[in-house]
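Here the structure is laid out as structure tokens; the discussion comes afterwards.
Letters A, B, C, D and E mark the chains as written, and numbering starts fresh at 1 in each.
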Amino acid sequence: MMDTPFNAVVPMLCVVFAALAVMMAEAFRGRDEQMALGGLGIVGLVGAAVSSMLLWNRNASSFGVIVADNFGLFVTMTLVIVGVLTIMFSSVVVRRDGLPAGEYYALVLFAVVGMIMMATANDLLVIFIALEILSLAVYVLTGIRRDDPRATEAAFKYFLLGAFSSAFFLYGIAFTYGVSGSTRLDRIGAFLAAQSMSDSPLILVAIGMLLVGFAFKISAVPFHMWTPDAYEGAPAVVTGFMSTGVKAAAFAAFTRVFLSAFEPFSVDWAPMIWILAVATMILGTVVGVAQTNVKRMLAYSSIAHGGYLLVGLIAANDVGKAAILFYLLAYAVTNVAAFGVIALLGTRDAANDELRDFSGLWHGRPALAALMTVCLLSLGGLPPTAGFIGKWYIFSAAVSAGYYGLAIIGVLTSVVSVFFYLRVVVMMYMEERDPGLAAPAHVGGVGMVALVASIVVIFYLGVLPTRVLDLAAESISTIF
Amino acid sequence: MLLTLSWLVPLVGALLLLLVGNADGRRDGMIRWLALGVSLIAFAVTLGVWAAFDPASAEFQFVERHSWIPQFGIDYFVGIDGISLLLVVLTGFLTPIALLSSWGSIERKVKEFSIFILALEAAMVGVFISLDLFLFYVFWDAMLIPMYFLIGIWGYDRRVYAAIKFMLYTMAGSVLMLVAILGMAYLHSAATGSYTFDLLKLYSLDIAPQTQMWFFLAFTLAFAIKVPLFPFHTWLPDAHVQAPTAGSVILAGVLLKMGTYGLLRFSFPLFPEAAAYFAPWLALLAVIGIIYGALVAMVQPDMKKLVAYSSVSHLGFVVLGICAMNTQGMQGAVYQMLAHGVSTGGLFLMVGMLSDRRHTRLIAEFGGLKTVMPQFTAAFLIMTLASIGLPGLNGFVGEFLIMLGAFRWAPAFAVAAGLGVILSAVYMLWMFQRVFYGPVTHEANETLTDLQPREWAGVLPLCAMALVMGVFPTIFLKPMEASVDALVLRMQATQTVQVEIPVDRRPDDERRLTTVTERVARR
Amino acid sequence: MLALIPLFPLLGFLVNALFGRRLSKTVSGGVASAVMVASFAVSAFTVWGLAGLPVEERAIDQTVYTWIASGDFVLDLALRLDPLSAVMILVITGIGSLIHIYSTAYMHDEVDSEFARYFSYLNLFAAFMLVLVLGANFLVMFVGWEGVGLCSYLLIGFWFKKPSAIDAGKKAFVVNRIGDYAFILGMLLLFARFGTLDFQQLAAVVAGIPPEVGVFGVLSIASLLLFVGATGKSAQIPLYVWLPDAMEGPTPVSALIHAATMVTAGVYMIGRNAVLFSHAPETLMIVAVVGALTALMAATIGLVQNDMKRVLAYSTVSQLGLMFLAMGVGAFGAGIFHLYTHAFFKALLFLGSGAVIHALHGEQDIRNMGGLKKDLPITYWTFLIGALAIAGVPLLSGFFSKDELLFEAFREGHTVLWLMGAVASLMTAAYMFRLVFLTFHGERRHDAPAPVHQLEDESAAQAHDDSHGAGARPHDAPPAMAFVLIVLALGSVLAGYVGVPHALGGHNQLAAWLAPSFAAPGGVAEGLHVLSEGEAALEFTLMGVSTAIALGGIAIAVLIWLRRPQIAASMAERYPVVHRWLLNKYYVDEAYDATVVQPIRVGSERALWRGFDVRVIDGAVNGVGAIVAGSANILRLLQTGMVRTYAGSMLIGVVFILGYYLWR
Amino acid sequence: MPETLIFYALSGFAIGASAMVIGQRNPMYSVMMLIASFGALAGLYVQLDAPFVAVAQIIIYAGAIMVLFLFVVMLLNAPKEDGSEWDRSHPLRQPAVVRLGGLLASLLVVQLGWALLSARGLGGGVAAFGDAETVSSVRVLGRVLFSEYVFAFEATSILILVAMVGAVVLARREGEGS
Amino acid sequence: MIPLSHYLIVSAILFGIGTTGVLVRRNLITILLSIEIMLNAVNLTFIAFGRQLGSVDGQIIVFFVMTVAAAEAAVGLAIVIGLFRHRESLNPDAFASLKW
């Protein structure tokens, strides 16, 4: 790849063009003409992936605000995987539910653009704009089934609280700007590093406000309230997308902001995040126990996973940063696949996402049940799956930073979380199919391919993680 | 390569079975034979390992090491010494029997059942051969999954509760071990600059006593739950009772041993000072378990529960032997693990046969079976006696050695543990009496069939093994001797344990003892 | 060679156990008896060889293989034949053979498979018993010790449909286990202290230690523990309770196991470890006292029992007590002597009673007997000889052994113990003849209906009816049984002559033969105690007393139960408390039940299991789950669904974070 | 001093108008009040040497966005706040809880004020620094916007595109499209 | 000379008012307006800080914020319209079917 000033934005551009292409294609589509719009999107995402690979280790930077360092590229790759899987699952759902295909895929792709931007941004303002791009796209995706009042309600809650939180986030940016005179992370970092540790209340307020913004996006307690409702109301495939993509992007930015710009103040923010992490892990797992809707349950589970990721952030050492990346990838693949199963089991009229809808699934659809089980076990952190290595990594980060307490709380909550994952397994394997239920849907084609691919990745990451661990480790070596 | 084969064979077998199409159960028969064949091959492999094993060496043998996750210093690192060797063989031995036991009782989803059993075997063997803590933990946790399904799908009426309880209880203990493992790796990296989970390297790690205490507790909790040591035992009756026969056999035969094996391999040698500090407390729990388990077993109305509680009692002996930290205690402990695997495995197997015939396990539902099933009764009697610890059968050797070891260490524990000897006779014979003696009280029992040839195929090896282990224990004691001695030395070298020198010694003992003391002195 | 002795019966066991179902009674019974006879032949041959060795070298050792090796604990499966075990194996194989032969007739009514099962157990028992006495170390002995316990359990419960039989079997096993527990602890202590379990090595070590006079040291504790083990096996206070119940087994079993051989194992064990025990005089004293008390107590109970076999059982307990008394006063030779003679006459008595029971289709209550003298002449006469022998009538075997035993007790200065022994002997003579008279003399009462409590094995009774026909006159013993009775009767008369005391001009060959076994190896075998002039006189005196006691006892019996039966009834009326007390065996069983068995059982069920295990421990486990689930159900309510509450929650977070930073 | 007076007047007006926005029930009036408030803020911007922003505030904010609001308000024709009582069985749905929200907000203001007052370097006059010319120069503004902030500017176009697509997708009538 | 802190405090008060509005109002439109108030409060902060720093960055950021506010308003209003179609209500409390 040539060295041009625009290198760093190439992955993003690929996706943007794919999105635009999708919109164009939709515009020129005949009334009942079927078009592989998703395929276009996948092409764009693959382009992004290829360009990210080419950019690897080059530390490219464009406009001074977008840095395609390995860290950002790793997250980009993760997001690409999330995007591809989402599109594959969506291809089934869009046709089945009669969603506006062009807008749908375009929004997904724009959301991915926002996510990539957020992950590679080096400027608080750009992060804010990226955040808004992905948020607005996801709000709309959440409510894309306009005939479903629950979806609309979910979109509304998500939107309202999202806007509310972004106001706080913006306020935080304002204070940061006021104190340091810039929104560029490197400049802020330099400024703060030069400061004596005199605790300026303004910078603490700024940290607090930024924390609120990020905590909202990664649904840390007590900013998590939107999560269960939005996840439950949204179409399952969208839930899978937002529970992974948004979280990954937000975490990338979170990590970058707090471990580069605000690194000198880690003494100040670490205890706060410690509290958030503990509350998040505990509340996420505990309340998950009481859920009977699988989507809602997985929502709480994803809250808890946010908590584990925070643990990596607190550890704030090299292990921790790489662990966040690996965990994000493992979690993303697993969660997308899990929601994919739910999405594939739904019909146009019924979401089929209650626990009892899974009863006896094994007897009717053994393969689907097995794939779901693998996902759940991975989420629960059992070997030999990706989730296990991820947890291993995160907790070794905590331990090597001396946070034994966090590690212990983390592992214990993960045991509790296994309980509710197992409830699904129990339903699928150990209960007979509720006679009142219709036979589960047939799954084939692209959806199944996507599922199997995810499972392969889950096992690959669980058994032979070396390569990816290397990448994760390289990712953090280039920056901060 | 042989060691890797020993866990890979069942795993590959399981994967192969996965490929066999069996939607409507037409190929059940073929699958059963396939699974049995695979497990027999695996058994043959373990026997091959034994044959090639050098009993004179205390070193780990058949060592294989491949870099796996170099970032953390995680290797695929396996090897066995005399202690794990026998447990691996035990696993290989019991799995075909477990599979055989399912032929009569598992009617649905035979394929999946066989797959889970084979996967379970792979994980169990993996646990015993791992010399890398990470690898060990992977197998340790992976083992839960097939067992969970075995209990949950093919178990009895409260199977789901039991399965979840089993899984969560065990996990709750093992995750703390996970933290401790990570802590060890971190300490190693702090000391030497590199992460490692290599057990042998960690053995030589110098850990501050305070830290040792915490790590020891974390490790030991995991193992204590698995053993299960009083008061962490309540998952056991549920899991045992609800599990299908094959599950119970493996659960009692192998799974519980993973806990005591863990104590021997990890808790004690990794943290010798903490072990010395906590040993009396552990032993106290063990002794309570011995008596308590026996007393509670005595009043159980359910045969499986009775045998389950008896396991609590028997395993208490094992822990006591380990705590004694001398040759007899530790060898006895390992021996008792094997013996318990055979005799309790056999008991569960046969209780399962009764349960298959009558669909109940309540003692009160039986009576006078000797009249209708004389062969079965005879086999059951042998297992009962083995469980009681009659000399000449397998149970005695282990128990006696343990009590000997414990007596040399702290006589009070041995004295208390000995009560278990009395009580085991009480509860086992009482059950035996109520089930087999007396007139036939239930009509349904009058038509029960005696042992079938296929069932004999499962029962006979166990009976034979019980007898062989009782009459020729040196076959099993010899291979582990060097390893246990090395372990004992390691434990004693780090602490000032008074090695009691007998007043009278035979010349060869003299030599042995002096070499031991010299080696201690040289450290 | 030595190994062959137990191997023969083991072989017989295997044949009968594995193929017994397909063998006819003749074959299985024949095989079982043949292996015993073969074993006896080998025993006799080896003992002959042993006798040919010089006194100092009289021991044949054989190490079969190393049984257990763990560190410095190396234990061989080693056998040793020395004078003491020689006596034992002869008794075991000899009397064992006879009883096997007897059983072929006695058990003939069983179906084939049961018949074979019976003989397989019996062979197995013989094998273990031989291992017990041949074992060269404690652990091998313990193998036999436990093994005979097992066989005893199996044989007592042979009629497994009879609840009382299986209860009795279990009781025997469990009570024995209590003793074994102590036995094991004793072994552990010995090994921990002395590093060996080999009898010879142990004796050699102990010989070098001064006796623990007046102190209760390791030796005393160890020997006491061993003795507790012996009380279990040999039915002494406090663990004697199983033996009377054990009479539920077939009568030949009672004769072999619960009279002649197994129950004497405790006595043998003390003899085996004579050196150890003599270095623990405090323990010996306890042994003697326990033995004397048991002798006395069992005798009193024997006086009033109505079950023929139970009378004999209490008599056995009592006689065993006498043997322990002998061991306790250090008269090991005398104890073994009595063991040896007792084997003959007690086996005889049991087998005789078996013949009676056989003839009466299972009737065991002497109140329903009487006047059998005419119908069962052989049985009567042999039984009478046995009774005379046990009563200690001069010139019969029992006289010599009992006399020596009491003499030794007196000579050692234990006058009180002697007196107790003497009283017990008196009562022995009395109740034995009560038994004789009520069974064989007087009116016939056996047609009276069986008491309700008499539980019979239905199929056995059925078989009896088929073969004999109801209401037929009782037959005397069939030839195989009669032969055995006669042989044993001869033995009961003659066995004592190997130990004729010096006072009577004998040489007490048995004592001389046994002496090396009671001495430390390599140590000087204590020369035979040559009686001084005064002691010889004393012995004569005591012999007279013994004779008087024996005859007195018989006379009492004649008076009370033959001539004036109303005396017995009036005494029972006059002292109802005593009578009831005795009839109910001092309520010891009930006391054990109330103080040990029930508390443990009920406590285990109510307190430990349903209370502690289910409620507390499992309750805690489930409680954790319930707490999680409960808090989950409370916490989920925070999720009201109202977006403004969510915003409020976020605001709380903001305020909290800012507050933390600003005012920390 | 007039400067100060103007500041207080404008601030007071902005705060008052904002309070009115949330202080009464008719959304129509709320929108009006907000426009008024924006006007006052524009005044403050002028005072802070940001005339261009002030103009933009009036034109874009008050002129465009608020009109959009007005349009929706009229479209929905729901002049009054829906006062009907929804399910209040849950303790957290009690009106008191809402009041607690108000309390929290005031607490937030107190915190912010406390932070601002305790921070050093904020006490000086705001116009004491920098060059008013530069700050208020539209030329500088434009140059910086299209150099330093060019990426953000481009990104904003995507944002607007997303918003457009989103609004269309969501607000389209049922049965339209697809 | 008006101190910077005065501007900031005015901004903080406005922000607080906006926050309060979100929490207490029972009309979706008003709530959206409250969010606009919050954003405007932040804008004031930006401009005040920018003025004090003597740079135009603050003003430029305000432009972006306005854009964001416009985009948010568009999407938000579209969602509100969607909601209103389902329930004929603008009370946020009416939309609480997703809960617990």
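Keep this in mind: a contact is a pair of C-beta atoms (placed from the backbone, for glycine too) under 8 Å apart; a residue touches a chain by one contact, two chains touch by 3 or more.
All values derive from a computational prediction rather than experimental measurement.
If you take subunit A and subunit E together, the chains in touch with both are C, D. Of all the chains shown, the one with its CA centroid nearest the global CA centroid is B. Farthest from subunit A, judged by the mean position of CA atoms in each chain, is C.
Of the two chain pairs examined here, A-D and C-D, it is A-D that is joined by more C-beta pairs in contact. Note: the chain lying farthest from subunit D is C, by mean C-alpha position.
Measuring from the averaged C-alpha position of subunit B to that of subunit E gives a distance of 65 Å.
In terms of their C-alpha centroids, the spacing between subunit A and subunit B amounts to 43 Å. Separation between the centroids of subunit A and subunit C, computed from CA atoms only, is 78 Å. A straight line joining the Cα centres of subunit B and subunit D is 70 Å long. Under the contact definition stated at the top, the residues of subunit E that touch 2 or more other chains are 8, 15, 18-19, 22-24, 32, 48, 50, 52-53, 55, 57-58, 64, 68, 71-72, 75, 79-80, 82, 85, 92-93, 95-100.
For subunit B, residues touching at least two other chains, in rising order: 168. Of all residues in subunit C, those touching 2 or more other chains are 625, 636-645, 647-648, 651-652, 654, 658, 662, listed in ascending order. Checking each pair of chains for touch leaves A-B, A-C, A-D, A-E, B-C, C-D, C-E, D-E. Listed in rising order, the residues of subunit D touching subunit E in the complex are 3-4, 7, 11, 14-15, 18-19, 21-22, 25, 27, 30-31, 34, 37-38, 41, 44-45, 47-50, 52-53, 56-57, 60-61, 64-65, 68-69, 72-73, 75-76, 78, 81-84, 86-87, 93, 98-99, 101-102, 104-106, 108-109, 112-113, 116-117, 119, 122-131, 134-135, 137, 140-141, 144-145, 148-149, 152, 156, 159-160, 162-164, 166-171, 174. Taken together, the subunit D residues at the contact with subunit C in this complex read 90, 92-93, 97-98, 100-101, 104-105, 107-108, 111-112, 114-115.
Contacts from subunit A toward subunit D in the complex involve residues 9, 16, 23, 62-66, 98-101, 103, 106-107, 110, 113-114, 117, 123, 125-126, 129-130, 132-133, 136-137, 139-140, 143-144, 146-147, 155, 200-202, 204-205.
For subunit A in complex with subunit B, the touching residues are 377, 382-384, 388, 392, 395-396, 399-400, 404, 407-408, 411-412, 414-415, 418-419, 422, 425-426, 429-430, 465-466, 469-470, 473. Contacts from subunit A toward subunit C in the complex involve residues 156-157, 160-161, 164-165, 168, 201, 204-205, 207-209, 211-212, 215-216, 221-223, 225-226, 228-229, 268, 272, 283, 286-291, 416, 419.
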